[in-house]
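In what comes next, chain A is part of two complexes: it sits with chain B in the first one and with chain C in the second one.
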Partner chain A sequence: MWWRSPSFILDRQQQNDTASRNPESISLSSPPPSMADTLQNPNPNTSTSAYYQTRAVVTSDWLAQAQAAVGRHPDDDLPVNDERTKSAAGDAGKPFSVIDEFNSWRKQPDLAEAVAAIRALAAVIRASQATTMMELEIELKKASDSLKSWDTTSISLTAGCDLFIRYVTRTSALEYEDFNSAKSRLIERAEKFGEISCKARRIIAMLSQDFIFDGCTILVHGFSRVVLEVLKTAAQNKKLFRVFCTEGRPDGTGLRLSTELAKLDVPVKLLIDSAVAYSMDEVDMVFVGADGVVESGGIINMMGTYQVALVAHTMNKPVYVAAESYKFARLYPLDQKDMAPALRPIDFGVPIPSKVEVETSNLDYTPPQYLTLLFTDLGVLTPSVVSDELIQLYL
Partner chain B sequence: MPDTQSLVNDFLNKLRKRKIEGSQATAKQTAELLRSVISQTRVPYTNQAGALIDAVKAVGEQLIAANPIELAVGNIVRRVLHIIREEDLSLTNAAIAGLNLSGVSDDEDGAEGDEQPVLSAAVLAAAARSTLRPPSLQTLLEDVPDSAAVPHTSSSGGDSEGKSKSADKSSRSRKLKHDVIEAVNELIQDIVTCHDQIAEQAVEHIHHNEVILTLGSSRTVLEFLCAAKEKKRSFRVIVAEGAPRYQGHLLAKELVTRGLQTTLITDSAVFAMISRVNMVIVGAHVVMANGGVIAPVGLNMVALAAKRHAVPFVVLAGSHKLCPLYPHNPEVLLNELRSPSELLDFGEFSDCMDFGSGTGSPLLHVVNPTFDYVPPKLVSLFITDTGGHNPSYMYRLIADYYSADDLVVQRRPTPGN
Partner chain C sequence: MEPRRTSRTVSDPKVRQVGFFTSQHHHHHHHHLPERSFSEPPLPDPFHTSTSTSSAPVTDVSPSGNLLSPVMILPSRHHSDNLHRLSHRATSPTASFSYFARAVVVRENDDSLLSPGRRGIAVKSPSSVVAASSFPKEKAGGASVEVQNDRPAKSKPLKQKTSKAERRATQEAQRAAKAAAKAFFNLLLKLAVDLYSLAEGSKTSAAVPGPVNSANTKTAKSPKSPSQKNDAVSVAAAEKKAGDRQLEKDRKKDVPHPRMQYDDQSRVEKAKRRAVVKQTEARNRVELFRHLPQYEHGTQLPDLESKFFQLDPMHPAVYKVGLQYLSGDICGGNARCIAMLQAFQETIRSYSTPPEKSLVRDLTAKISSYVSFLNECRPLSISMGNAIRFLKSTIAKLPLSMSESEAKATLQADIDRFINEKIILADNVIVKHAVTKIRDGDVLLTYGASSAVEMVLLHAHELGKQFRVVVVDSRPKLEGQLLLRRLVGRGLGCTYTHINAVSYIMHEVTRVFLGASSILSNGTVYSRVGTACVAMAAHAFGVPVLVCCEAYKFHERVQLDSICFNELGDPDAISKVHGREEINYLDGSTNSENLQLLNLTYDATPSDYVSIVITDYGMVPPTSVPVIVREYRKEHLWI
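The block that comes next holds the complex of A and B.
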């Protein structure tokens, strides 16, 4: 028989202490930051990961709260001090911070996180006063490390940083050039990256069209721009299909997707998250996006994806993942708890007694054996191809 | 080129009337036809590869449309297109090497910009290489995303060559065509000899006193089993007859004449026999990019039986059977209904076929599908002429054999994006 260690009780006591100290956080029922969390995530506002603070999916009041939380902690806490340089382009007197840059890019609605990261790194190059490639690389490395440690929960941020650093350190395109032209070339490439990401979505939408047949029913979990683009293209191609959207608690991401689809005159049905198994027999295929695609070929996505994939697998329905290739990350999670948890408060509507623990993490890992195919801008891939692509790039 | 056209029409007719049996024969004849198309095509001085590709694509489109179920046709068309691209690239690279050695001055290229000619040629070659390679993470940042020239890089490579070395170009055009035909000949040779190369691996897979089960008849399987027999392996073969065509009967006879211990069973007895079988070895019609197999009808049942009893399910397939497409709804879209006379003799049920039953349609239907789709998770191993591979590794072989540009042969004017 396995018993929980006494530390569990200690944890609970600690939790009660924190709860009584901030009475306003009871209804949000945020667990205290564990030791590991504080180490991994330098962002002090641990009740929610940095990942959610500027996301478009959050409700407005929550956003206000989150922004207030960010405001309380100036960037001086963050380990970016050493590579700070004066921004060349105006911002008189204000020190350059890669994280501010990243957040300003992220505010653009159609820009993916990885793209924002790459744009922010390009800004680092622009602001840099390095005179050799080596110096620039070191500076970039530091900036990307600080970006990554600022939000350890965002897989695509990590993947975007890694991809760009890889490009800078190992590109054949820079071999023949002098330093200044190499620098401008890097900036230009980074700026093109936004286009690449838009094009990637279109490629994915084109690739997936063959798989959507007339009269099919598609189950979608979570809100993903790629999946929306896929469905939009299918609707434009005059395909007849209907979509089941899960509600996507606690963000209501499914509600958002269903409104978008209703605008396109696609028949939509909204399900509560627990109705997935109930309606699975009517479903022909499951479509999900991904926050990150990991080396095993599995995906990290919104909480509930694993569950949906398991149900679909049991009922022999294909699970298709639509994800841009810059979301491929060099991670190999072995189980659900293997990643830095992305915490997200849940509003239950009624006050929760402080003794009740609430699971607030918002991402789960779906192992590759439950996925049928991945639609990426590199083509239609089986999950095992992902590791191959990553090995080719990083070996 | 009237004679090529008549050849093409001849072949189209055969395909439409389903006169050609088996993917190997189809593949071989397609390759031979494309070889003659290439040799008849008159190539212009510039953009020779482009002209060849267009000619092959034009014919390929018709061939694929003539029998969309026979995926081997499309496979060979794509293989030949890939060969053309590859040969063009290697010629361009050789020419660049020549340029570097002879150190041609930039007097002619000066108009193009202030870049060094060597550099621009290198960039061109890199671009051409990236079109050949399937897209990967590595090329995501490197290649120029919006350049309209990318699909035609090979041709523009030819252009710049033509500009700088005008004396060389006629010989070069002849060389390209010659090289391509040579490579297509090699391809035909590969198709012809694929049985032998697969059979060579037989001893690694079949061991002493094993019991092998197969269904229907496949020449690859026959050669494979006989190769093991020749290497002094003694084993027993169980042949399921493969209704409704009963090709298993032929295979059983053939095996017996070669001196193999053979047992013939009905298809419905597969589950009864599977528990004493050590390995299932079957042939395939086509192997899809996800590792799924289009195979003679009845094989899905065998695969399920093998899975149920944890018996390895091994599929033998020559490389011409690898198809770069993904199956969607394969049970319907990639299937063909054959004549009902294979199930019933005409006349035997003629009273059931009576149209006078009021509704105007007969009460009895006879459906005779040709193929089964075996999903990749039921396949343990593929043995191709290059060795044994896992189903999830198929995409890798496919990336070696085909260019990403050729996957869709029909839609020639790519939608501008």
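The block that comes next holds the complex of A and C.
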């Protein structure tokens, strides 16, 4: 089927180019030295719930594959350790603040907000002076609340904090231990959660490779680091594909993605947002990221995702969502207006008369029936499994 | 022969699980005891043992293991019987024709009694399916002569299983009978009768069908080989199954009981005989729904009332609730469930274990009899089924060491806890969740009268949300009016309309709130008839449909339509409008053969039309119902 794709001829030409590029990509795929220690100790904590135990095992498994395949990634752990020592040193001087910690983590360009929050919360446990479990829990709750209030519109931030607290404090086994060992266990678990969250993107990129076939055309809406990672990995795996990027008004996210992809020598075409339906017949699949994955299995994402999904669904094109599992939120919007509005000023380039109302929402909700699959670090899921995972975690 | 017997005893529990069997034997035993003790004096001991142990569904290895194969059911006998029987026959050798004829009738009766039980087995254990499927054919003969003819043929293969001597005797008898038929059919008839009956009498108990057999030897012979084959099949299957029997048994506990099919004449007859509530079945039932019970309305109530003081096994509390179900005084899933549980609580309070019985078993049996009584009054809802399952598992899990008073107190507390946690608190949680979905300026549509939805609306109103309610109602129950009165009484702005206008009113609606009788594993919402219509209209208009349903109403069954399982209401209710004589056009024609009235009570809404299920575990998509059923089960085990 792929050879009928209009992009195939184009990709054939590309093939010759990539052949010359091959040597360097081979050198890139050698595993970094630090891989070994991340692979050790896949499941040190035997008292975690069965749910996360299995997840953790699978995750480290995938991690190995992902790292072997991707290989070339700058090791996240090194800066992590730097930060850690830095923040530990900072602790001595001034009182600990989650927000500061969060901000210091956020400076890393590749680190998602939610992961930064998770790291910051882990630091809260570490720095805590609490002497009882209850105290620690309250402290943690307070910290997560202040993090959440930092950006109330960010779903992944809220969801990440909730999941962290849920994951870290969930289990009755903690009650039977003395406080110090319980606390060290919490820290251990928090580290693990942070680690899983960090690696999530690579796992997703790994999982999605089976779905990108040679000669395919991928439509991408918005700038998503996960989607970029997916496409990057595909390019590294010498897959031949081209990408259509929507412009992504008002903040030009598509422009950003297209420049990133151009750097990777992936053929890119920019579309204005309203040209989605026009070019959909050339498209083989739609890839989008997500701000949040809600309980229905639908996603909340940048404005325009819903209409892209609708058009794709009407034209029977698969819509794939790449999202880390810490974006799973216990929300259930029934329609577009059933969400806390995230507003963003829009620059139209010309003055708008005050009588004209402007729709400034930044997010829309795509119902699950328009999504084909979700690529998450828990695996490739159908939308209905999201609720399954959430129920198991929160019940 | 020997290995077969052992294997049969091994698979015994399978048979014992089928509910019909035990009572079957009871019935049989009590009613026909006189005849049998005369006609077949050395009554095969399996019957005795099974009657004595019938109340206990335990897996004791008893001779009644022979009952596994349907073909073997009737005269299961032992070597030791032979001598005994023979001697007895000798004492009454003049088996007169008239006596036999009478006996045959009795046997026929027995058989019709037994057959449902057998069919029950066929449903339950795949191993005996083949055998059972051949069985109805024999039975289908219907006319007494045919049945009588079949009888010896059917019992013959059984006899062959007993011993070589017997088999030889049978073969001789058959040969004799065949020869007789070949020669002077009519002339030798009498002789053959004597010959056969003699041979028969010399070896078996059933002997009964002897005389009629010769009337048509051909028919007598033909069914033999299939039944033998079936036997072999079932035995082989039994041997194979012996290993994972325990596993199978556990699994079977989870499998829902095969539902009573009311188009199955013999089973209905049987059930009727046991029934406390005497109901007259409606005459012109709709063809598609014949498998559901339908009764002439109003025939049961006076009968039941008159029986109030005669029925000592039924506890008055249960009786009262049953009557309330019957008369419609208690309706609505939660109300019915709570009423039932409270009645059970009452019975447990006044319960005392009879001497030489264990509380666990006796109380379970008692509850079962109450449940079947309530089921006769009105078919149980799925939520009630779940509650009963909970109660029974709680009883079963009582430690044996517990004293009676302790056990009773525990059970009562458990029931209280169930009502509190699964119904009342669950409703509170549902309300809390659902209220977040109501915004100012909403127009909420609801259909029928769901207690959960009512609580949601009232609570949202208390919170000061500004919204309007559209109450959609339908004939004949007009339950919506009750809801409407309560809502208006609390100061909510309401619109009232009938379901006929739902497509008209839908365009101004922003949310549809529905209740449910049950939600099934595939997300199908099983609810008051008309719900599907409302949900589909809402879907067509792009209005989200919210279903409020407590998790205890979820069921692991899957249903694709409203036909397989439903409840039929009083057909008169739709043919007549009370107080409107001028539009009761059907007066006088309701008994017409050509008129079939269908008053369905429930319907099934496919999950595609449901946006969200609000339950005590939060707001979930309908696809997640099986997940909750799974988790709920786990919790169920913990209780």
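Here is the rule we go by: the second predicted complex is superposed on the first by the 271 of 395 C-alpha atoms of A that agree within 3 Å, B and C clash if a C-alpha of one lies under 4 Å from a C-alpha of the other, contacts with A are read in each partner's own complex, and residues count from 1 in each chain.
Note that contacts are C-beta pairs under 8 Å (C-beta built on N, C-alpha and C of every residue); 3 or more make two chains touch, one makes a residue touch a chain.
Please read all numbers here as calculations on a predicted model, not as lab measurements.
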| item | value |
| --- | --- |
| Chain B versus chain C as contact partner of A:110, first or second or both or neither | neither |
| Per-residue contact with chain A, leading partner among chain C and chain B | B |
| Chain B versus chain C as contact partner of A:328, first or second or both or neither | first |
| First (chain B), second (chain C), both or neither touched by A:373 | first |
| Touched partner set for A:191, first chain B, second chain C, both or neither | neither |
| First (chain B), second (chain C), both or neither touched by A:388 | both |
| Partner chain in contact with A:211 - chain B first, chain C second, else both or neither | first |
| Doubly contacted residues of chain A, that is, touched by chain B and again by chain C | 384, 388, 392 |
| Residues of chain C defined as touching chain A within the complex | 437, 439, 511, 544, 546, 611-612, 617-621, 623-624, 627-628, 631 |
| Residue ranges of chain B touching chain A (in the complex, touch as defined) | 116, 119, 126, 134-138, 140-142, 144-146, 289-291, 326, 328-329, 376, 392-393, 395-396, 404, 417 |
| Residue ranges of chain A in contact with chain B within the complex | 163-164, 167, 171-173, 176, 189, 192-193, 195-196, 199, 202, 210-211, 213, 325-326, 328, 373, 377-385, 388-390, 392-393 |
| Touching residues on chain A, where the partner in the complex is chain C | 295-297, 330, 332, 334-335, 337-338, 368, 384, 387-388, 391-392, 394-395 |
